[in-house]
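The following blocks contain the structures, represented as structure tokens.
Both complexes shown next keep chain A, but they swap its partner, so chain B is in the first and chain C is in the second.
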Partner chain A sequence: MIVKKVLLVGSFGVGKTSLVRRFVNNEFSEDYISTIGVRVSTKMVQANKQVLKLLIWDIAGTEKNERIPKAYFLGSSAAMFVFDLTREETYLNITEYIDEIKELSGLDKFIVIGNKVDLLSTTELEEVKSLIPEEIDFITSAKKDENVEDAFKLLAEISLK
Partner chain B sequence: MIPVKIEERFIQINTDLSGSILEIVAGTFAEQEFTINDSIYKTCPFLETTLDVVNINETFNIDSMVIVSQEQEFYVDVEAFKNENSISIIIINRSNVYQYVKQLNQNRNDLSIVKHKIARQNKELEKLRKIADLANEEKSRFLAVMSHEIRNPLNSILGYADMIASETTNPLVKDYVRSLLTAGKNLNVIVGDVLDLSRIEAGKLNLANEPISIKKIIENRVKNYKLKYNGSKIQINYFISDELPKKVLGDSVRIAQILSNLISNSFKFTEQGNITVKSELATDEKKSVIVNFSVSDTGRGMSPDQLKKIFKEYEQTELSDSLVHGGAGLGLSIVKNLVELMHGKISVESKLNIGTTFTLQIPFQKITSSIKVKDGKLKYGKEKYDLNGIKVLLADDDKMNQAIGSHLLEKEGSDITIANDGLEALLQLKKKAFDLVLLDINMPNMSGEKLMTQKELFKKYNSKTPILALTGNTSKDDVKRYFTLGFSWVISKPYTAEDLVTAICSVLKK
Partner chain C sequence: MKKSPSDNKKKDNRFDLLRELLLEEDREKFNALNQEILVREKVSARVDPLIDEKIEDLRKNFPEFFGDTITETIKTQIRDSQDEVVDALYPIMGKMVKKFIIAEISKLSENINQKVKKTFSFKEVFNRFKRRASGVSEGDAILQDAFQPKIEEVFVIEKDSGILLGNHSTGNIANKDMVSGMLTAIKAFAEDAFSKEGQDLEDVKFETFQILLYNFQTVYVAVAASGVLNATFKGKLTDRVNDFAEDLFDDRSDLEDESKLNEMIINYLIKDDLN
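Here is the complex of A and B:
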């Protein structure tokens, strides 16, 4: 059995836990319960014609100047950076943040996810996109179950590389 | 020996390098979840792949991991140590501590999200405020344009009506013209009211602060209304307390406007009886006074419901009976706004079929030797100046205004040259000398304002020629700008023959 450890990182309240809950249990709750430390969920997924067990580390959201302990990345194969499309402060310094995580984790490739698209109009979304210097892999909504499956599928594929 | 309490909160397990449980060394916490020869990853999936890469003889720590035991979640700290043959794993239940950490974390994050929401709402409000400001500016601009567009033809209507009235002998025509003049003047008042209200709302109405005599203002107002309603069944009287200072600092035009609106209102709603205007001293301080004004009538009064709406805009037509009076219903709203702009108060008492009393309290500064009054305004002179033979250039793109201006001045014996726009006016001014120029502000090709910036071009013949502005834009800012540009006087449209001739005489006398 192939087992891959993947991490979800990003500011607090961006919807990391909601994305995991949607992906693993197909559930969504409007209530915001902040995560402390780490919560690990597992799911069997198929990627690149292989079945693998994905260990999804949902890491507590950080605030400015807070660093994720390096130990969390030990043995990881890929990571997903999640930001909240409606909160500028969650994507303002996205490049610096990703560079810092890359250095800390030794991981090469991150996938970038903009979540909570259900709260934006098309025009607002275009405005936000124009402000982000990084390539966004998926625009998601955990609430409306938009692109969540695809985002994790990509994460699984990357973890195999 | 491990104390019991600690033992209940931790467990130490040894596994082989593949994660298979070799022994449970100590502790009872979640003991039932771990079985010898089972994989540790069954209970602690988070350790899978991680333990593989922990270096030999190195410790690995993770804080606040979630594990599930007997369908209950626990927050634990995990410590793992790897040697050549096995891995020792210690799991400590810190749920009690992390429960508080979780609550603090939740509060911090909630607070931050609320702050974000407020910031977002403020941003939205700011956006809306900007939109509202733009709309308001657009409204003011529209009103200014409309004012010009309405006042220009109104000037023609009133001018021609005046001319017909002075030249016809036919009593029926005189009667028609009187009606025409009344309607035109009413329309002029409405345009003025709408503009005043929009200026007040936009905060663009500046009050003058010059020496005024309250007594004179009231006497003049009452005198005018006595003349206007001569022969009616209404008596207008006034009482002015001797205690009032002879002069105070204030805005005579706006005080007169307030009183006129209140008196007009009384006349509108009084068929017969009395209207009384009173002014008394309310308080007398070292540097200021508060003056009480009241306008009472014995008219039909108002019901409590009507009274509630009395200062609202456009409410006149809402009055319950079918009697609809002239005007746009803005008069009392303007009065209230003006009184408040003067930091005063207004109240009203009324009884149906008995009458109504409006009471005002307005503070005024006293005139003391330390207060220097700036009064740069030109006043109309009373002296008559002989306009016979003077050369006048009249520049106005409106043919009717040209005809009225020409007619009025030709009657005085003036020599009139007409220019149809600013460019034609400039050519005339470059060509010959005039004694006086009447310059419309809004003209095609070159506006009056633009022409005034080209004075160098016509200084050869007209460097000292007085130039008077003809305009419907008569806000304080506009007038100030016209004077700065070099206009000698500003004649507000619509103007009467007397307004025009008096202004010209005043300027030429100087």
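Here is the complex of A and C:
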């Protein structure tokens, strides 16, 4: 059985945990993420004609001065950066944030996800998209279950590369 | 009509002529090969002694000719394979250090036992005789009677990723992968928050349940045990884990074979009672 560690990163309140909850059923109590800054879930997925187990490390978004142990980022095979389409501060410094995580994890490619699309009109969405310097891989809604499965499938495929 | 001798002679000549025509090319090849063999034999007779002499010279002066190159190659190899080298040395070094510590602890244990001997009441003397007959120290025997230690779970986990490589379980943990991931996260959190650089978390303790973490370069082994874990039990367990790790790192492909790894866990840590 192939097992891959993947990361979910992004600012506080962007909906990372909601995405995981939508994608995965088995998970630990909410307390873990607020106590040690990470929660690990597992999910079997099929990607590139292979069945693999994803070990999803949902790393808490933190305030500027809070520290996340560097070890959380090690040994991962892929990562997903999630931002909130309705909150500018979650994507304002997206490139710097991604570069920092790239350095910590040693990964060279990130999947970029804009979440909470259900709260925006089409025009607003286009405006937001034009402000983001990175290529957005998926626009999702954890609430309405839009593109969640596809986003994790792409994450799994990248983890196999 | 009978053939005359002159007829036969004519026929022989024709055969010779025919043979000459048909086999001329083969004869040339044969002569060329013959020539080549003769040349090789001549060359061989002159060159062989020189080669033998050079081989003998090389044999005698090998360290002088290649010593530096080999040393440099080994150095490069070690530098490029530090993880493998550390994994190979880790259990051996661990054993040496542990033996020294155990010897010191044994001395301490003996001192304690001396004091216990003096302070125990007359009524306890009989029990002490019984325990001594079984070769167990006083302190350990009392604790062992009350809370016999038992290995409940063994997890072999990849250090950075938290991926579970192999395990043995007597309990009913539903999602072992998630547990190994969370254990790795908790370990990383504790190490980041409390330890100095390069130190590893080695112990998570509940009232009568303990998770012992044995750290190696690329993996760690988490042993969850119930009961009171006395020094003898821990000593034996450490020995077994080090032996297990030694065997495991001897052939790193075992790390990728879950069923083989699980079998090794049983053989080294579960099969024989550690009490």
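What we mean here is this: the second predicted complex is superposed on the first by the 145 of 161 C-alpha atoms of A that agree within 3 Å, B and C clash if a C-alpha of one lies under 4 Å from a C-alpha of the other, contacts with A are read in each partner's own complex, and residues count from 1 in each chain.
Here, a contact is a pair of C-beta atoms (placed from the backbone, for glycine too) under 8 Å apart; a residue touches a chain by one contact, two chains touch by 3 or more.
For clarity, every value in this text was computed on a predicted model and none was experimentally measured.
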Touching partner for A:1 - first (chain B), second (chain C), both, neither: second
Chain B versus chain C as contact partner of A:36, first or second or both or neither: both
Contacts of A:87 with chain B and chain C, given as first, second, both or neither: first
First, second, both or neither for A:13, with chain B first and chain C second: first
Partner chain(s) touched by A:126 [first = chain B, second = chain C, both, neither]: neither
Partner chain(s) touched by A:75 [first = chain B, second = chain C, both, neither]: both
Contacts of A:67 with chain B and chain C, given as first, second, both or neither: second
Contact residues of chain A, present in both the chain B and the chain C interface: 3-5, 32, 36-40, 42, 55, 57, 69, 71-72, 74-77
Residue ranges of chain C in contact with chain A within the complex: 158-164, 174-175, 177-178, 181-182, 184-186, 188-189, 191-193, 258
Chain A - residues contacting chain B, complex: 3-5, 12-13, 32-34, 36-40, 42, 55, 57, 60-61, 63, 69, 71-72, 74-77, 86-87, 89
Interface residues, chain A side, partner chain C - complex: 1, 3-5, 26-28, 32, 36-42, 53, 55, 57, 67, 69-72, 74-77
Residues of chain B defined as touching chain A within the complex: 45-46, 48-54, 60-66, 75, 98, 101-102, 105-106, 108-110, 112-113, 116, 120
